[in-house]
Amino acid sequence: METLKEKLPYYLATASEEEIFEHSYKNKLPVLLKGPTGTGKSRFVEYMAAKLGKELITVSCHEETSALDLLGRFLVKGAETVWLDGPLTKAVRSGAFIYLDEIAEARPDVIVAIHSLTDHRRELYLDRHDEVIPAGDGFMLVASYNPGYQRGWKELKPSTRQRFVSYSFDYPRPELEAEILVGETGIEKNIAKKLVQLANKMRNLHELGISEAASTRLLVDAAKLMQTGLNARTACSVAIAEPLSDDREVVEALNDIIDLMF
Amino acid sequence: METLKEKLPYYLATASEEEIFEHSYKNKLPVLLKGPTGTGKSRFVEYMAAKLGKELITVSCHEETSALDLLGRFLVKGAETVWLDGPLTKAVRSGAFIYLDEIAEARPDVIVAIHSLTDHRRELYLDRHDEVIPAGDGFMLVASYNPGYQRGWKELKPSTRQRFVSYSFDYPRPELEAEILVGETGIEKNIAKKLVQLANKMRNLHELGISEAASTRLLVDAAKLMQTGLNARTACSVAIAEPLSDDREVVEALNDIIDLMF
Amino acid sequence: METLKEKLPYYLATASEEEIFEHSYKNKLPVLLKGPTGTGKSRFVEYMAAKLGKELITVSCHEETSALDLLGRFLVKGAETVWLDGPLTKAVRSGAFIYLDEIAEARPDVIVAIHSLTDHRRELYLDRHDEVIPAGDGFMLVASYNPGYQRGWKELKPSTRQRFVSYSFDYPRPELEAEILVGETGIEKNIAKKLVQLANKMRNLHELGISEAASTRLLVDAAKLMQTGLNARTACSVAIAEPLSDDREVVEALNDIIDLMF
Amino acid sequence: METLKEKLPYYLATASEEEIFEHSYKNKLPVLLKGPTGTGKSRFVEYMAAKLGKELITVSCHEETSALDLLGRFLVKGAETVWLDGPLTKAVRSGAFIYLDEIAEARPDVIVAIHSLTDHRRELYLDRHDEVIPAGDGFMLVASYNPGYQRGWKELKPSTRQRFVSYSFDYPRPELEAEILVGETGIEKNIAKKLVQLANKMRNLHELGISEAASTRLLVDAAKLMQTGLNARTACSVAIAEPLSDDREVVEALNDIIDLMF
Amino acid sequence: METLKEKLPYYLATASEEEIFEHSYKNKLPVLLKGPTGTGKSRFVEYMAAKLGKELITVSCHEETSALDLLGRFLVKGAETVWLDGPLTKAVRSGAFIYLDEIAEARPDVIVAIHSLTDHRRELYLDRHDEVIPAGDGFMLVASYNPGYQRGWKELKPSTRQRFVSYSFDYPRPELEAEILVGETGIEKNIAKKLVQLANKMRNLHELGISEAASTRLLVDAAKLMQTGLNARTACSVAIAEPLSDDREVVEALNDIIDLMF
Amino acid sequence: METLKEKLPYYLATASEEEIFEHSYKNKLPVLLKGPTGTGKSRFVEYMAAKLGKELITVSCHEETSALDLLGRFLVKGAETVWLDGPLTKAVRSGAFIYLDEIAEARPDVIVAIHSLTDHRRELYLDRHDEVIPAGDGFMLVASYNPGYQRGWKELKPSTRQRFVSYSFDYPRPELEAEILVGETGIEKNIAKKLVQLANKMRNLHELGISEAASTRLLVDAAKLMQTGLNARTACSVAIAEPLSDDREVVEALNDIIDLMF
């Protein structure tokens, strides 16, 4: 187990997410990870795939991701026409994990393409290739979704949402988050603690109208810049305050908090 | 008959839907199934097709489903051009059942393509292939439609709606729903009853502003997770509460109800 | 004449529509049939074509019907490129009747394509095929239009409307409608009368906000279901009440009226 | 001249439009004809072209008419690619008249394509064919525009409008309009007068909210139907009242006026 | 110089625009000409190009003008694919003047395509042809823009506007405008003065809601029509009043002013 | 170092931006430069690339820039199909700097395409070419963004913004800005100071509603025009006042300020 752990991506569980994931996997139920930016959703999927010894295929969805992008397409190679499996088809055939990051961004045919994979049928219908592929035994569909900044028309339809076991991610507890900072950047424990304290102060400043709070990723960036010698205030300003807002007054307010801490 | 029943998908009729379907079939009238997510519309069609000994072809419609997707298209294979029947054409030719799931989502040419199949003509006009196909004797067109979350411009036009015999699905009666849970997951009867009680409590909480109520599918998922050993509260939270809302306060309210039950 | 009548589709004239159609035909004037769903516009065109011994070509227009769909297109067949006449071109060449059902739905180039056919020129300009086709002697253009649910931007332009002799269809008088029911389904006269009474009651319930009233087609469907043995209340509910509305309270109100009648 | 006149299309000038057109032609100025449907704009252009002994090429513009449609395009014919002049290019080369009917409907590149033809340059730039064509000596560009039903975003830009000499068409004076009816349909003079009286009554009923008044074309259609024996009231109802409105009350009001006249 | 002047297009400077243009040319700065329709922006560019002995390439931009249209494209000629320089590329290579008329109408990639030509780089990046072309020595980019009728979303972005030296055109002073009329049409001086007086009266009638005032071009057209013998009132009505408005009352008001003058 | 400095583009640091950039480079963190037009963002990137001895590839993004434009595409060359690397792929392969100017303007697939380059993976996924390219050692991604005139729907998503170390540019301090003017145009120091004074006066006139303040670039243009002999007032009017507004009253107000200074 140790040996395995060493190969695992760095991940610290914050609640019962591992258990939930494993039971969903056993029951062949798809999983939807909800939560704000930078709370470790993608990292968690990588971790679980490694822990369960599964291959992971990731697709970052955007407004123009279509079913074709996931299923595959015919390519003309010289005189021949060759079918090229897309990432979803590869995962279904080989029984791998597929991770559809920010699934609500994708075009509607993507949602429909996964219908038959997310109910009792568990098969993929390749219309253009005229083929029905039963999902390989260990196949699992995982998707992520950030409810925070979805606009009304980009919400997942209820009929889609009720196809997934859902789990909400949030920022890690302070001790855990500090531990993550040390683990990822090698920064001193007490500086890590100060960064986490700083982040939590900012996360509670709801009156500033920041659309999404400081993620752990921002703290990691600040810690890295400090590690190579940039002074703490500048590092926190450019790695934490500036990415959170374009409003000069808000940034100044955040810089003031930074100056109080460092 | 018993032998046949054993091959049937698991389905428990909640009213006279079987009788209505069979009379529509006898009169060669198309049927529209209305109702919210997860109330068994698709399962019912599968059940009726099996009961009547018919092949069933299902198409999940979405905003970009066009008539071409249903009718067929020419494919270039090497030097030749080959016509490939789409799912609707296959059903018409072979006298099978076609099920257009969420038909209101499809593009307008889909609606028009089925016109001649839903009136006294009962034939399909394959414009591009220059062919008119009379519907095979047992051909039947079934469609579903979820009035709950249709936006104004995605409603079916009255002239389309008046082409179908329509039937509304709703959540099953408590005893029946519990029976379904036991039948699908093998869970103990009294736990099944508790899950149904839980669902009905949530379904009546209109003040929470949940856009679509908990479907039977969610209860089945929760039951499955409990069957492999996940504790009841966690199972209900990730399989029922989280899929229903992204609002933390709403999810907490739902979790409180769960905690009262289990 | 009797022999001919037997071949005619079942149609009962409700006013002077036959006379108007025949005079328009003699004067080579195009005709526009206006009116709600299911009042027999399409059936009337089929009837007149049969009565006048003309071939009828029907095109159901939708939001994406373009002039290309009507005029024709080049198809690549092996090494050759072949021109394929569309339905309008076929009708013009052979002097047949063309029926453009729901013409207001079509794309604007369709309207323009028929300009030269609806004035003193009576010829079709096939731009891409570089050909001008004079309309065959018996050519006639008939279109339909449902003013009831047209949205503002889908109205026919006045300059288009003034190109047609127009006739409005409405629901038939009670005695006539009952006669139609008997003629189409073989149901007993007094049940037919009750169905018509029911329909007229519903048609006058303007306070229910039903966007389009019950058509004769719905009554025919209900009668058919009753003929194969479905009980009257259920038949009327699924064939008449449910297709008219998705609002449960409206459907219940309609079911109450049904229960009063049967 | 008589001989020539006999070849002219039937046209009766209502004001100084012939003189204005001829002076514009002499000064090589483009002309824009404004006015409602059916007031003879197109007929006037045909008449002037015939009178001046010029060939006339007509293009009915619609929302999807693009510069390519007017200028020409490359066509693949077997192994060769052949350039095919569009209607505007043909007119420019041969010094003919081009008539762009309802120019405001066309796509913006159409407007720009005629820029260099409507100022001191008088040449056409064929971008794709890499050719500049000076307008043949007698080339003249005429366009029409119906200000009545243009929506805001479909107005011609001021910079385009100031490129044309403009003339407004309106309905002809009563005596003249009656003369036109007799000339086109052979109807008796006193019936023609009654039809014109009827039209003018309707044209002044601004309170009915009819978006465009009865054109001469409608009177011609009614007269034709009466000539083959349809009774006057029915003929006026289907040829005049019904094409003007879909509002039953408005149509009834118009029918009442008809009944007062005939 | 005289000889040169004779070849120049007719142009009378109204302020220091020539000096500003020449200094911008010396400093290799692009120039943006702002102002309403028909105030001589295009004519001025032609004049300056001729005066400075430069070739001028003009592109009239519209809503669908894309970078491809300006840069060039690959054309298939028989078996070969040939690159064809677009007008901007030609101007850059040969060091000519390029005039982008109504640049704000063009698609966004046009604006970006000229970025590298309007700053210290002065080179054109031909992405698809994989080539970077330094601007020929005398290359100059001139654009025009009519702030009067730009809709909000068609404004030039500040970052684009700050790339140009900008100059505003307005209608010429009365004496100058009369001189232009005489120079262009040969009309008598006192009639020219009257036309200018007329135009200025109309230009000050802000209460009529005319979206863009009478340009010099309109006066030139009226003068031309009068020169070939059309009476003054009719000429002014069809060349000045009618092009300015479709509102009959506004046109009548303008005609009244004309009647007062002539 | 001197030798190196001489090759550097002219750039004067206004704060700690060089240090921040170098630490980000060391930590392989992407950088986002925020700030208004003409404050030297692009010039700064050129300067840093030269200082660090790196190749710089710049892409000006606009509303239609797609991932294909950045990643590359297949081109047909005669009988062969050749893959052509796009600018981002070139930079990743060769370990160069890529600068995505105005990244918020680009299409959403561009943002997603850089995901894997802006986190711990640092690799580029070439879907169509079926290749994963690890970023060359010195690869760095820099983007710019102008928060001033971004419309709501063109803001960068929080999840994207939190991927970058961010730094805000503003107008330089007066002494520095004057120094830049002298350095770029050779103008006299006291005139440079006056120009800067003028700009700062205008920048503080918030009541004029100017959407973006005068950039240093405008001052440079004015200085250049003055250097070749255009009088100061005219130079400042056409190079500074006119580019800032189309409102005649605003331009007059700015001209008044200019007249006060020169």
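Residue numbering begins at 1 within each chain, and the chains themselves are lettered A, B, C, D, E and F in the order written.
By definition in this document, a residue touches a chain if its C-beta (ideal position, glycine included) is under 8 Å from a C-beta of that chain, and two chains touch if they have at least 3 such contacts.
The structure presented is a predicted model; accordingly, all values stated were derived computationally and were not measured.
Following the contact convention of this document, no chain is adjacent to both chain A and chain F.
Here the chain-to-chain distance from chain A to chain D, counted in touching steps, is 3.
Counting the residue numbers that touch the partner chain, chain D and chain E have less than half of them in common.
Copies chain C and chain D of the same sequence differ by a rotation of 60 degrees once their CA atoms are superposed, given in steps of 5.
Mean C-alpha position of chain E lies 31 Å from that of chain F. In whole angstrom, the spacing between the mean C-alpha positions of chain C and chain E is 53. As a whole-number value, the distance joining the C-alpha centres of chain C and chain F reads 61 Å.
Counting only residues that touch two or more partner chains, chain D has none. Across the interface of their complex, chain E is touched by residues 37-38, 60-65, 69, 76-78, 84, 102, 105, 146, 148-149, 211-212, 214-215, 217-218, 221, 224-225, 227-230, 234-235, 238-239, 242-244, 246, 248, 251 of chain F.
Residues of chain F that touch chain A in their complex: 16, 19-20, 23-24, 26-27, 29, 32, 34, 81, 107-109, 111-112, 115-116, 127, 130, 147, 157-159, 161-168.
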